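Here's the structure, in structure tokens; my notes come after.
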Amino acid sequence: MKIGFYPGCSLTGSSREYNESVVAIAKVLDIELTEINDWNCCGATAAHSMNEELSMSLPARIMAMAEKQGLTEVVVPCAACYNRLKVTQHDLKDETKRKRVSEILQLPYDGSIEIINVLQMLEKYGAENIKAKVTQPFAHKVACYYGCLLVRPHSILQFDRVEDPQSMDELIKVVGGTTIDWAFKTECCGGGFSVSRTDLVAKLSGNILEDAADRGAEALIVACPMCQSNLDMRRGAINKVIERPSDIPVIYITQAIGLALGIDAKELGLKRHFVTVEL
Amino acid sequence: MEHKGKITDLQSHTGVEVMRCYQCGKCTAGCVLATDMNFPPSYVMRLLQTGTKENYIKILGSNSIWLCLNCENCLGRCPMEIDIPKMMDYLRTQAIKENILHPDSKPIISFHRSFLDSIKYTGRLYELGLIAEFKARTFRVTQDLTIAPAMFLKGKLHLLPEKIKDRMTMKRIFAKTIENVKTENK
Amino acid sequence: MEKLRERAAAILADGTVSLVIGYEEGTKRPRPLFCHDGESARKLIFDSRCFHNLAVYLTKKELVGNGRFAVTATISTLRSIMQLYVENQLSEDKLLILTVDLSGTLREFVTFDEISAYVEQFELKRSEREQAILTRIEGMTREERWNFWQEEMSHCFKCYACRSACPLCYCTKCVVEVNRPQWINPWPAPVANMEWHINRAMHMVGRCTACGACGDACPVGIPIDLITRKMMEDMAPEFGYIPGLPVKKGNALSTWKLDDREQFIR
Amino acid sequence: MSSEEIFEPKIVAFVCNWCTYAGADLTGTSRLKYATNVKIVRFPCTGRIDFLLLLKSFAQGADGIIVSGCHPNDCHYTSGNFHARRRWIAFRSILDMMGVDVRRVQYSWVSAAEGSKWADLVNNTVADIRALGPYTDYQKVADYLEKEVQDGEA
Amino acid sequence: MSKIGVFICHCGENISATVDVERVAREIGGMEGVAHAIDYKYMCSDPGQTFIKEAVKKYDLDGVVVGACSPRMHEPTFRRACAEAGLNPYLCEMANLREHCSWVHEKGEETTEKAIDLVKMLVEKVKKNNPLESIKVPVTKRALVIGGGIAGIQASLDIANTGHKVILIERDPSIGGHMSQLSETFPTLDCSQCILTPRMVEVAQHPNIKLYTYAELESLEGFIGNFTAKIRLKAKSVNYSTCTGCGACIQKCPVKKIPSEFNAGLGTRTAIYVPFPQAVPNKPVIDRVNCNYYKRGACKICEKTCQVGSIEWDKEDEIISEEVGAVVLATGFDVKGTDFFPEYGYGKYKDVLTGLQFERLASASGPTFGEIRRPSDGAIPKKIVFIACAGSRDPAKGIPYCSKICCMYTAKHAMLYQHKVHDGESTVFYMDIRAGGKNYEEFVRRAIEEDTVNYVRGRVARVYEKNGKLIVKGVDTLLGGEQVEIEADMVVLATAGVANCGSEQLAQKLHVSYDPYHFFAEAHPKLKPVETNTAGIFLAGACQAPKDIPETVGMASGAAVKVAALFSNNELVREPIIAVVNRLAPPLYSTCVGCFMCETACPYNAIEHEEIKARDGSLIRTIARVNSGLCQGCGTCVAFCRSKSIDIQGYTNEQVYAEVMSLLND
């Protein structure tokens, strides 16, 4: 199984462990990841907050590069990048926008690449495979947190249900875990305000953490580096604003699966978290 | 008439027809930051519906457009499928263009600018550089004093930026988009 | 081609059909051939020079009789056959269609759906000639178009070859033969010529499959096929159909949509 | 141009019985005034209006034509006007291809309640056609026929 | 040559003030084919009509043109006059000299000339007119009513009371419909069952009503006055002629956990069941999907219990045929379930209910005997939230229209709740309060002012469960968009009223049209609200659009009157303005080539296939034929016909052609 791979900036820096765990489980599951050559940043929230054309051009270059490389399907683990790429692909169906962007890029772009997130990759290529390869069932009660960018806007992403999505829960069940039914699956963690408005991030992430902890989750499972860093790195700030400070860890779905597949915690980057992971 | 024109511009850029909103308030009810905003989303819609210049300027000068996280809960639930996040994106660029900026926008814009600067030169995000530049722009020297070293220790920060090869294209993208707008203004 | 002859001879021999309509070598170009026996089926040919639309014969009762018959069909012919199916002029149990596809394989069809699935692959494009004239016409002002057609129509002497050649002109009594009232005068005169051709185009809305037979048939070379061709191209996006691909239900003119265009209505 | 020389176009209106004919009745009962150039031919429905009648009108010397019926969804027969609308879309495209002046055919929806709209429609159409002048292009072509026949007989 | 008589009316001075009527009569009198032309002060008066009658006889006229007012005004008058004089009424036409000429133009030469043109036009038309005979269609004086809710019950009773036979069919095992499920009714709060049950019984006992429950329409053929309905009587598995309705079988049935449809899923029922205690007929049916015997081939406990041996295991669906003259559609509506709403939990929270479920909770005959209790734990909710417009006015996920009844029933629910739970707190999230109706606004005000229901203007973004409470995240838009969060014990969604399932298929069976939401379409939104565009089929109640009980009953009675009016004659007389396909002598038979373009175009499905067969029975051709019962005379088919094989009487090709030609000839 071969598939294109766009890690994005976070995965090479502050969310290295996400990258490490994706690569680690891909290896075990025989998924060959081909990184896009000379990829650039997708522009994230900053670009589309500041300039529409910029926000389309950056993802368009990434996809143009992938096309050039002959890739047909690209997995994008970072939910923010996934969202930007999908939305840009959608926006560029508009003839005038596409014209303008190819003018800027001076690269051919035809928008034919299938962009999928990591959950879709695991569903598509792994569910049965994973089940067969589980060596240490992930016997924990966890809260699956999807955030915004993985499921919205539904009309464009067409992934899972808008409210109360299930795909991550299904994967956790495959590796032997149980998931709680909770209320903040798709509520925003504060996203791009991580640095600029830490106070708001603490409030929003706090609500999420509190609900999960109240309902007895042993860990939060995520698929987005922004959510992870807000919920993990900002734990100090969060614990100042919530009533009952919490020390439940926040781990990536790929890490959870990795553990079940018997991959070493260090290889999965579990030592890189701020909140200690003891699962 | 000038501000009616603004509404038309808004529609042609974002496809948002402000008159479709019938003020049910569902966007506001579900907005995670509505309470921190000068005007919650449904109120912003109403201000736009009035079509007056005063109200348009009120919106550009409010923190609402800057606090919007584009989490899209509002769009997902709006019975009339009004793309409020897209509208917020547009209003932000208009606020910058017209230089009507709420104080709350400063750190947010600074962050965005630092972010974009970082990728403009290297093609990828240089997180250490981003934090440094952000601090310099906002004079928040002490913020995250403990986090950054911890990140470094956990291997989460690179000391040197990663650079892509084709930096010419990156330069061109910036020159033809965001910088193009700036020169137009001048 | 040999396969085609064999098959034609075989179905004639075993009584599957009593007639095979196809092409044979003519003096200048291939001409229609009506085979009633295996002997004549040996003369059958089928290649790119065969463009005469044989569908025109299929509605001729006196020719095809009541039994089952076969026809060798080009893409154009197939399109016409589909439209004739839609209009209840042919029935699937009376017809066997033979054709040779691009790879040279003999193919047989009976039903509308089978033909549709096959024809779907072929896009209806303007030929070089069509493109040239239409580009010219489209570049004209309205007055120039009027003068262009008036000049062209002045050659029309109402021989009705266009009508005879068209597989979809199968009425037993044509509107020009209706005399209470006499809507269109049957003799050649500028206004009557124009009325005839506008009328032809209106009668073809949602039906014409742009086989070009009318244009080929015109002895004085008026590009009348382009009137229907242009109409078809204009109407396809308007009414959401694919040019040259008849649909089973819902002819463009006898159906409607709530949001059909009406900017021209005051 | 002196007032005596003002061109009085001949305009024929094809209208449906249920909406526009009744609307024109209302114009009358409301005593709204309009130009005398337009003469109404009554049909049960716009769906009944044959395109050949429009062609024959031009051939017979009409300078302009009004076709009017019920607004969408108001058709007495539920869908005659929708059928008509399609027919006119196709007809206009063909006329335009042939170089016939489509501006001379004014389509409209006038309901039974729109007495004033009918008056406006007539007045505006008369003004429009007056500005276009007589449809001599078409009439010349049609006259030729008559002359030929007469000559032939003579 | 024709002998046309022309009569120009002055209409007092209405015409003669601006039109030189004498000149009109004079000039027309000189026209070819005009035998007689006069003008007179009031043509519609008695003496005026006498002029016409005398002239018809004296000049042996074969056509009459009256130049007067609009034909929409006096065409029947003058046609009657002609008929009385022995002239076929369809040989009389009117030129509209008043509304279309004298009233809209100033006095002058052009006005008179226009008047002359208008009369000329009609003279030329009338020369081509053909004598026509009115169409007479026999009427079968029995009505079919489809649907046994309050609309169908009312329509059936009203028709039956005029002395005509009614066949009422109902899909469920009992009549009663949604109204039987309701607790109290707004704005009077009288008990729904108390006012409905007597009517249900009346239906069952009425000598003119034949009731088929557990039955569905299979097909309907024919046309106004002459329909044939095929009805599927679903197998009840119980012989109703012997069953006494004792109910012993129901008590013994071991399959007890089937969600009860009548209780909107809140209660349970058995496999052999009567939907509710007041059911009519009060006899059980076996639900074969859930019955142990049909599922697994063993059980038959009911059979052992039944003392009269009424269980019929092998009974099959039966199809019967009924001749009827009119049909009333009264199939009602349905409500969207809670699983339809993602932000309110996709139906996973047991204490989030639909309005209909709340009705069952509040009903004395309901699963809690009228006590408001949570389905999850049986506790009495202390805080309750009602959400209006759940699915309504929501083009994104629900339906764009307003379901109309929700504002009122929500106010009623809140009121009933406050009456039953005195220390309870109720909140209604609304967007607009639509309380148009007699005593409706007062009713809502009472809920707010006297029963202290907390009305909050704004929509709810989401509902989630936490610690046994339902957290409702709403907004108060009147406070500038302040967020409101309520920890509720129960949430009631005023879910959208939608077309009943299967309505689209039913509409297609009946050839009636339906709107984009699958509600049946009325023939005219204002003036023909109970008619459909298929003559002889009428609408009653919420199958046309959501509506409340008074409106439903009113509409049902309206439909009944339409049926009674239809049945008041032995024959239907219709204007002969219909399309006809020409017929010619063999071997041509007709110029119709059978392309059936007219068939797709016809809004009334009036085009039939006529097979022309040789003497030996072999098919020569198939051509179109117009069903004169269905054709309404729009003429759309005529304009489509390429070979001009179909024409419409009264507006034939020859007639309209002559009109146009005369108008433009100088």
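A, B, C, D and E are the chain letters, set down in written order, and residue numbers restart from 1 in every chain.
Quick note on the criterion: contacts are C-beta pairs under 8 Å (C-beta built on N, C-alpha and C of every residue); 3 or more make two chains touch, one makes a residue touch a chain.
Computed from a predicted structure; not experimentally measured.
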item	value
Steps needed, at fewest, to go from subunit A to subunit C via touching chains	2
Least step count from subunit A to subunit D, where 1 means the two chains touch	2
C-E compared against D-E, more contacting pairs	D-E
Remotest chain, subunit D as reference, centres from CA atoms	A
Separation of subunit C from subunit D, taking each centre as the mean of its C-alpha atoms, in whole Å	34
Rounded Å distance, subunit B centre to subunit D centre (Cα mean)	56
Centroid spacing, where centroids are CA-atom means, of subunit A and subunit E in whole angstrom	53
For subunit C, residues that touch 2 or more chains besides their own	175, 183, 253-255
Two or more partner chains touched - positions in subunit B	73, 81
Per-residue overlap in subunit D, given as positions that touch at least 2 other chains	51, 56, 73, 79, 83, 87
Interchain contacts (touch definition) - all pairs	A-B, A-E, B-E, C-D, C-E, D-E
Sites on subunit A touched by subunit E in the complex	161-164, 181, 183, 211, 214-215
Partner subunit A, residues of subunit B touching it in the complex	13, 32-33, 36, 67, 69-73, 75-76, 81, 83, 89-90, 92-93, 96, 107-113, 115-116, 119, 123-125, 127, 130-131, 134, 143-144, 146-147, 150-151, 154-158, 162, 164-166, 169-170, 172-174, 176-178, 181
Footprint of subunit C on subunit D - complex, ascending	51-52, 55-56, 59, 72-73, 79, 82-83, 85-101, 106-109, 121, 124, 137-138, 141-142, 144-145, 148-149
Subunit E - residues contacting subunit C, complex	588, 591, 593-598, 600-601, 618, 622, 640, 642-645, 653-654, 657-658
In the complex with subunit A, residue positions of subunit E that touch it	342-343, 345-346, 348, 462, 464-467, 471
